[in-house]
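In what comes next, chain A is part of two complexes: it sits with chain B in the first one and with chain C in the second one.
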Partner chain A sequence: MSLIKKSQDISPPVLEENRRTPRDRAGLLSQLENDAPDIRRWAALDLVEFPDTAEVLCAQLAQETQTPVREALLTTLIKIGNPIVVNRLIPLLRSEDAALRNLVIEALQQLPEAVAPHMKEMLRDPDADYRIFSINVLDNLKHPQAPAWLQEVVEKDDNINVCAAAVEVLAEVGSAEVIPALSTLPERFDNDPFMEFCVQTAIRRIQGNGNRI
Partner chain B sequence: MNSPAAPTISEEEFQKFRDFFYRKTGIYFEENKRYFVDKRLIERIKATDNETFRNYFVMLRFETSGKELQQLINLMTVNETYFFREEYQFTCLVKSVLADILPRKRCGEPIRIWSIPSSSGEEPYSLAIYLLEYWPQVNAYDIELIASDIDTEILKKARQGRYDQRSISHLPAHLLHKHFTTTANGAYQISDDLRNSIDFTQVNITDLNQMRIYRNFDVVFCRNLLIYFDDTSRRIAAEALFNALRPGGFICLGHSESMSRITPLFKIRKFPEAIIYQKPLR
Partner chain C sequence: MKRVLVIDDATTVRMYYRQVLEAQGFAVEEAANGYEGLEKALMESFDLYIVDINMPKMDGYTLLRSIRQEPAICATPAIMISTEGQVQDANAAYAAGANLYFNKPVKPDVLALTVRMLTGEKPT
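Up next is the complex of A and B:
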């Protein structure tokens, strides 16, 4: 009883893995449709070895209701991270399911190079909500063009909520070049007090007062 | 010629940095940490040959590799380990968590506890000592303690179990006396009984294949590891930890870390001694 030790070596495994079913492509795709969420979840995780299944995984994500399975699908899709994944995830930003949308935003944020070719089109979409979700992607996208895309929103978009979302992100990622565009923004919305507040806050943040070394 | 002016961080810049750093790490700096934060930020601004905070922040924000963010996290966090660090979690283990786990144990089934990253061993040995000293039922159950790290050199040090004064400074004197001997050069050598009670293994938590063998743990201590990962690696590690736990198993993170910010896979359990995360039973 009490503390027991099994092995004497650093490297060998503590336990032998025991898989109940083969993990081949066809078998995993079949398990992705299984009624048991745990089996679907493991299939989703193991399909990372088969990047050509990205389309199926995205389709499953769109219809999956169980959180652990969704999370596994998303982890695998981020790891695959190819253009097919991004092409299939972007339309899911139109989903009525807020949890799914948030997952998609999180995934797209982690795939900056694959997302970049789509961003201009996303920001010009007729649906204002969709444009806001696209700005949410930019909120944590490591791409050098992000400030320029947001500046274009501030200069051209005619929806106050879309512009406010862009201003909020620019407060973090913007530089002095965007200040003129920000300064004229309240006028475009009849000097709306909310927009004025957003813009002033953003400009203060962007300007800072850091000395040069 | 005058030497260049020392850089400063304005209030607005501090707030901008604070928001960004919080989002990336879950660590929030109050105003009274201004000096601490400014000093380290300025150090990194200089080290990266940036002229201003603004330039440095752009680099930090958009750097694809995330290396500078890692450097900064290293500087901003107390990156040290010692015996009984964040002791309230060990107290929670022996007073609350094990009592929650035991009803689900079949007769003769061991309790499995995992320390990752084990670093030089202070955490897993602390767990062993805590269980032996403060859990009244310790002799009624088999307990498997597994300690893992990605670094084989640090694992060798952990297995050796030899520590300096700083490592043992938070240990009560009677426990130090009971479980350690002093070596000729003034180091503290942990007892062979304790050294032989822990399995040390090498693993990369983000490697799905390596992680397949780590299963059926009742409790995982994974403290101050996830904050060093980028978003993708953090998500992969969270999945791996979920896989490693039994249903109903618990995970303890560092005090500044939040699993809820990474994944909804775990639920929060509030015990009198600590708030920790649990894999749902179903």
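Up next is the complex of A and C:
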């Protein structure tokens, strides 16, 4: 799902009523706390004119429950796209709310340069689920370092699901150079049938892809 | 032939379940996210859903809650299979409407046996 929508998709006339309120910084921040989701959603979208509100927008995202408002907040945060945004979005990968986590993953995928400085630390986090979510970010990050980061996971991570997630992404973004590292994985996990299948499938896909990186 | 819908965003995982289940005589359909899964579940008849938790567009919990609210498909059994291994993850899966919860990776014989059990299919 694309979080940045075409302008004609988000302007039904009836909702314009909710925009006939002050559009200055203070007014929009106030509307961000309004009980009506439509008003919060329009405020979130219009706050794109005020990049210094990124912290507030991220805080609102952490407590927002309505998907359309969440998507509006993330649309604005992606457009702002500065280090503050990434610093505040990354911790939301630990949220217990799966829907929020998945929206955050999609948002971070669109900020490759801002996310890149954090990725090594994210991939070494003690929490295996968090490492998997970080690998999910790499899935569409389109960063030239992605194959190298994933290869390091394959070589060093001791969690089978983390490695399987890395193999899945390497099947898409990896080149023939990663095949030796992949080939050692089944043995590291007692020749688990799932891991063997993942590795064989990834190698076939990489060989089919050719050397793309 | 019993039909299983596998809903998981990981291509390799879907292929793995397909290989295991087709070898046991099941017909397997795939969906790559919750929205696609719900659409297929509403359009076609299945005997079992296998559902991941973390997927783009619609997560597995939301999907299962949606399925359980649809009279035509609410009784179809569902297995939730995820990497998340905490007790609260299993509890959340059952609360959303899962009949069983497994941590990945699931051994092929366990998957086959469970799917046979939940679909009422005799061993091949």
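As a convention for this text, the second predicted complex is superposed on the first by the 189 of 213 C-alpha atoms of A that agree within 3 Å, B and C clash if a C-alpha of one lies under 4 Å from a C-alpha of the other, contacts with A are read in each partner's own complex, and residues count from 1 in each chain.
Simple rule for what comes next: contacts are C-beta pairs under 8 Å (C-beta built on N, C-alpha and C of every residue); 3 or more make two chains touch, one makes a residue touch a chain.
None of the values given here were measured: they were computed from a predicted structure.
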item	value
Touched partner set for A:Ser175, first chain B, second chain C, both or neither	first
Chain B versus chain C as contact partner of A:His143, first or second or both or neither	first
Touching partner for A:Ala164 - first (chain B), second (chain C), both, neither	second
Partner chain(s) touched by A:Gln63 [first = chain B, second = chain C, both, neither]	neither
Partner touching more residues of chain A, whether chain B or chain C	B
On chain A, the residue positions that both chain B and chain C contact, one per complex	1, 106, 171
Complex interface listing, chain B residues touching chain A	4-13, 15-16, 19-20, 23, 45-46, 50-54, 58, 61-64, 110, 128, 131-132, 138-146, 152, 155-156, 159, 196-202, 208, 212-216, 231-232, 235-236, 239, 242-243, 263-265
Residue ranges of chain A touching chain C (in the complex, touch as defined)	1, 96, 98-99, 101-102, 105-106, 128-129, 132-133, 136, 160-161, 164-165, 167-168, 171, 192-195, 197-198, 201-202
Parts of chain A lying in touch with chain B, wherever the complex brings them together	1-7, 10-17, 45, 48, 67-68, 71-72, 74-75, 78-79, 106, 109-110, 112, 140, 142-144, 146, 171-173, 175, 204-205, 207-213
Touching residues (chain side chain C, partner chain A) in the complex	10-13, 15-16, 19, 53-62, 83-84, 88, 104-108
